[in-house]
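Shared between the two complexes below is chain A, which has chain B as its partner in the first and chain C in the second.
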Partner chain A sequence: MIRIRNVSHQIAGQTILQGVDLDIQQGGLTALVGPNGAGKSTLLSLLARLQTLQSGQIEINGQDLQQISHGDLAQMLAILPQVLTSTHRISVEDLVGFGRYPYSRGRLGPKDREIVAEVLESFELQEIKHRFLDTLSGGQRQRAYTAMAWAQDTEYLLLDEPLNNLDIAASRSLMSRLKSLAVQQGRTIVIVLHDINYAAGYADHIVAMKAGRVVTNGPPREVVSEAFLRSVFDTDARVIVANDRPLVVV
Partner chain B sequence: MPHLWLLICLCLIFLLSVLSVFVGVIDLTPMALLQDPEALQLLAVSRLPRTAAAVLTGCSMAVSGQIMQILVRNKFVEPISAGTGQAAALGILLSVLLFPAAGLAVKMSLAAATALLGTLGFLALVQRLPPTEPLLVPLVGLVYGGILGAVMVFIAYQADLIQYIDVWMLGEFSGVMRGRYELLWLAGIAAFVSYLIADQFAILGLGRDMSLSLGLNHRQVMAMGLLCVSVVSALTVVTVGMLPFVGLIIPNLISRQLGDNLRVTLPVTALLGGVFVLGCDILARVVRHPYEVPVGTIFGVLGTLAFLWLIYARPRNA
Partner chain C sequence: MLRLRFLWLILALVVVSALFLTLGAKGSWSFTLWFRGQKLASLLLIGGAISTATILFQTITHNRILTPSIMGFDALFLLILTLMIFGMGAGGYAQVPKVTLFLINLVLLTLASVALFTLLLRDQRSDLMRMVLTGIILGVLFRSLVLFIQRLIDPSEFAVLQSASFARFNKADADLLLVSAVLVCLTWAAVWRMRHRLDVLALGEVLPVSLGADPRRGQLVVLMLISVLVSVSTALVGPVAFLGLLVSSLTYRVIPSWHHGHILPAAILIGGLTLVGGQLVLERVLHFETPLAVVVECLGGLVFLILILRKGST
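Moving on to the complex of A and B:
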């Protein structure tokens, strides 16, 4: 479990997070939603220690985040940042192999190779494994990077807006793949999503943030409502129920 | 593919080395080596050192160019034109002015220190540039290198050392002799050490956030890279002078053809650097025989052609 207690954060004098308290339960898919500038990405980068914690406390499985070594953290938690470079000429297979770095320190052993092959298989990258990243479409590239983070074999996986620039087919396939893999392997995925319908459609938990605070937290059916959209996103939209999940009519 | 390239480069280095030994102002033939002790002397004192110097310079500069490109995450920079080379030359100049009696080791250390500072300065400048404008990075590098170079020329002018600095400004191998190039082996070692952690450099190329997520000690690898770039630049500037373009063209050529997985490509990059510099040095010796053209001039011409081809040719997909 990830325990976040009273975390506040400022960047250049501007308050980004204000006393955030949140427990992220083990297993399943937790979606972080909220309007632009709510502090979702900042929260994620604090969890992954990409930025220094200014105040408050974060614990992962009972351990203080600040006390965990680089190497150990990389075996517990992986993050995929929002901006993924495309100028790097690395083959898909090599990229997924980098995901084994916390274990292999650069020299892939037989077990690492086995895992890389498995991950390439489950992310359907076999056919393009020799292609360079800069020759892939946006969807393929996102899938390759996600596969790399998956190969890191961490209990927690944090994804910052992975559906950016993906079309509906690529978005749906990535979400359902993540969901089924998370269930199969009992991993915890925290994912920042822009589109509330993807959160409602795939997530087990939705955490909504606004102006640096967590405002609601619960399963999609309890969270997503017309009143919720009005208070968090300042928009009037109708919410219907389809396949047992709420759906925002846009 | 990479193995084929490696093999071809190794063969070329061998062939060019043999050729290099027998090309020069004084005629030297394979037969003479067997009969004439003076010929052996010439080989040991001049031809072999010169050949080794060209190969070592090419290898280490190509590697340091590649590492510099990873440090600033931009493919269009290289240390010699982006301030590191000028800073190293400034360091030598300062050591000549401040400690005129000191030996090569002091000169070298001071040059490495100023090269390190110069590179750090460039990194600090580049970090403030908008990531959406990648072409600003090489432009800022040229301006920054130009300013450092101007400072150096100004100091040299004041101290009446203008002729002296020409030696470092224009790289060439005609002065290389036994006893005066051995520092370059250190540059070669620095390049080899960076090959040992090539995986970490490759991951560094994915960016800070990604490398932190993968558990890479980001600061430490950055520091190693900076050290390698500074040491290689300082050593080559001290011994043979500035040789621009090598660190730019060779890594880009390899990246286009073989990609950026440095564990696989860095040895090819190094060897191809050696091939190019040695080849250009041989050309420099024969173009106006018995006079020599500076190798930097030859490389400038060939390098520009190679670069144009690089820009217009379609990159290999995989």
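Moving on to the complex of A and C:
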């Protein structure tokens, strides 16, 4: 479990997070939603120690986040940033192999190769494993990077808006793949999503943030409502229920 | 395919070195070989040091246009040298053994560059362009300070300084050469040991953290290694601005791999090949009086322009 207690953060005098308290339960898919500038990405980057914690406390499985060594943290938690650029011509297979770095330190052993092959298989990257990243479509590239993070074999996986620039087919297949893999392997995925319908459609938990605070937290059916959209997103939209999940009519 | 290219590079370097040692030799063989052997060793060492420093720098800044000398590393070395001559006077400077002076300068440069670039890297990690501009402006500042102090010192000090601050591939001090060779080999060993970490550091700012490679510490270590390499090359031959860029862009062309285990050895080979081959062609074939530095700078400068223009158009 990830315990976040009274975390505040400022960047250049601007308050980004204000006393955030949040427990992220083990297992399943937790979606972070909220309007632009709510502090979702900042919270994610604090969890992955991309930025230094200014005040408050974060614990992962009972350990203080600040006390965990870089090497150990990389075996507990992986993050995929929003902007993924690569200056190098790396093949898909090599990229996924990078996910084994916390264990192999660059020398892939037989077990690492086995895991890479499995991950390539489950993300359906077998056919394009020898292609270079710069020759792939946006959806394929996102899938390759997600596969890399998956190969890291961590209990927690943090994804920052992975659906950016993906079309509906790529978005749906990525989300359902993540969901089924998370259930299968008992992993915890925290995912920042822009589109509330993807959150409602796939997440087990929704955490809504606004102006640096967590405002609501619960399963989609309890969270997503017309009142919720009005108070968090300042928009009047109708919410219907389809397949037992809320759906925002846009 | 890579193996074949490596074989070609090694073969080319061996042939060029052999020609360099023997072509047009007159008089005593033992003298010629000893004399030219030293020159060859210093060319190989410098070529290898500058290209390694450049590749390392490009890896930690995620940019293939920047080089340590564009960012003012060797200007900083000259500034420290100038301040030392200014402080001690030409007489005092001449009395201290060259190797001691060199080591002092090396330590000072390492401290100064680490202090400077960690400040830059800490504040502007996300803003590469600002970091680059700051670096370039600092380079100009260092060079202007050197010029300013040159105006202040007396003519004999100026002469000492002058001979120390121009690129010259022909004369290198034998003692200095030995110390440099040891230092560069140690640095290469350290770089080789961290080659896998360099592969990860090249992935950007975020992914290395996620993979547990601690980019801040990695960048610090790499900056220290770069400082040693730049000190060696600047002390031996003076500043060469664009050689590193020329060699690194050739390397990425010839060896299209992201493994530093491939890129670094190739860069060392190509660096040596460029300098030895260039010197051979200029001296023995064309009988030019033009210093090699001028030709290398001219070609490297062209590469720099082409890279910038291409980046601009895409």
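Going forward, the second predicted complex is superposed on the first by the 248 of 250 C-alpha atoms of A that agree within 3 Å, B and C clash if a C-alpha of one lies under 4 Å from a C-alpha of the other, contacts with A are read in each partner's own complex, and residues count from 1 in each chain.
We adopt the following convention: contacts are C-beta pairs under 8 Å (C-beta built on N, C-alpha and C of every residue); 3 or more make two chains touch, one makes a residue touch a chain.
From a predicted model like this one, the values you see are computed outputs, not experimental measurements.
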* Asked: Who does A:20 touch here: chain B (first), chain C (second), both, or neither?
  -> neither
* To do: Would you check which partner chain A:200 touches, where first means chain B only, second means chain C only, and both and neither mean what they say?
  => neither
* To do: Figure out whether A:130 sits in contact with chain B (first) or chain C (second), or with both, or with neither.
  => first
* To do: State whether A:106 touches chain B only (first), chain C only (second), both chains, or neither.
  => both
* To do: Could you give the residue numbers on chain A that contact chain B in one complex and chain C in the other?
  => 48-50, 70-71, 73-75, 78-81, 85, 87-90, 94, 98-99, 101-102, 105-107, 149, 152
* For the complex, which residues does chain A have touching chain B? -> 45, 48-50, 70-71, 73-75, 78-81, 83, 85, 87-91, 94, 98-99, 101-102, 105-107, 130-132, 134-135, 149, 152
* To do: Please name which positions on chain C make contact with chain A in the complex.
  => 62-64, 195-197, 199-200, 202-207, 209-214, 256, 258
* **Of all residues in chain A, those that touch chain C in their complex** => 48-50, 70-75, 77-81, 85-90, 94, 98-99, 101-102, 105-107, 149, 152
* **chain A partner contacts - residues on chain B that touch it in the complex** => 73, 75, 134, 197-200, 202-203, 205-210, 212-217, 255-256, 259-261, 263, 315, 317-318
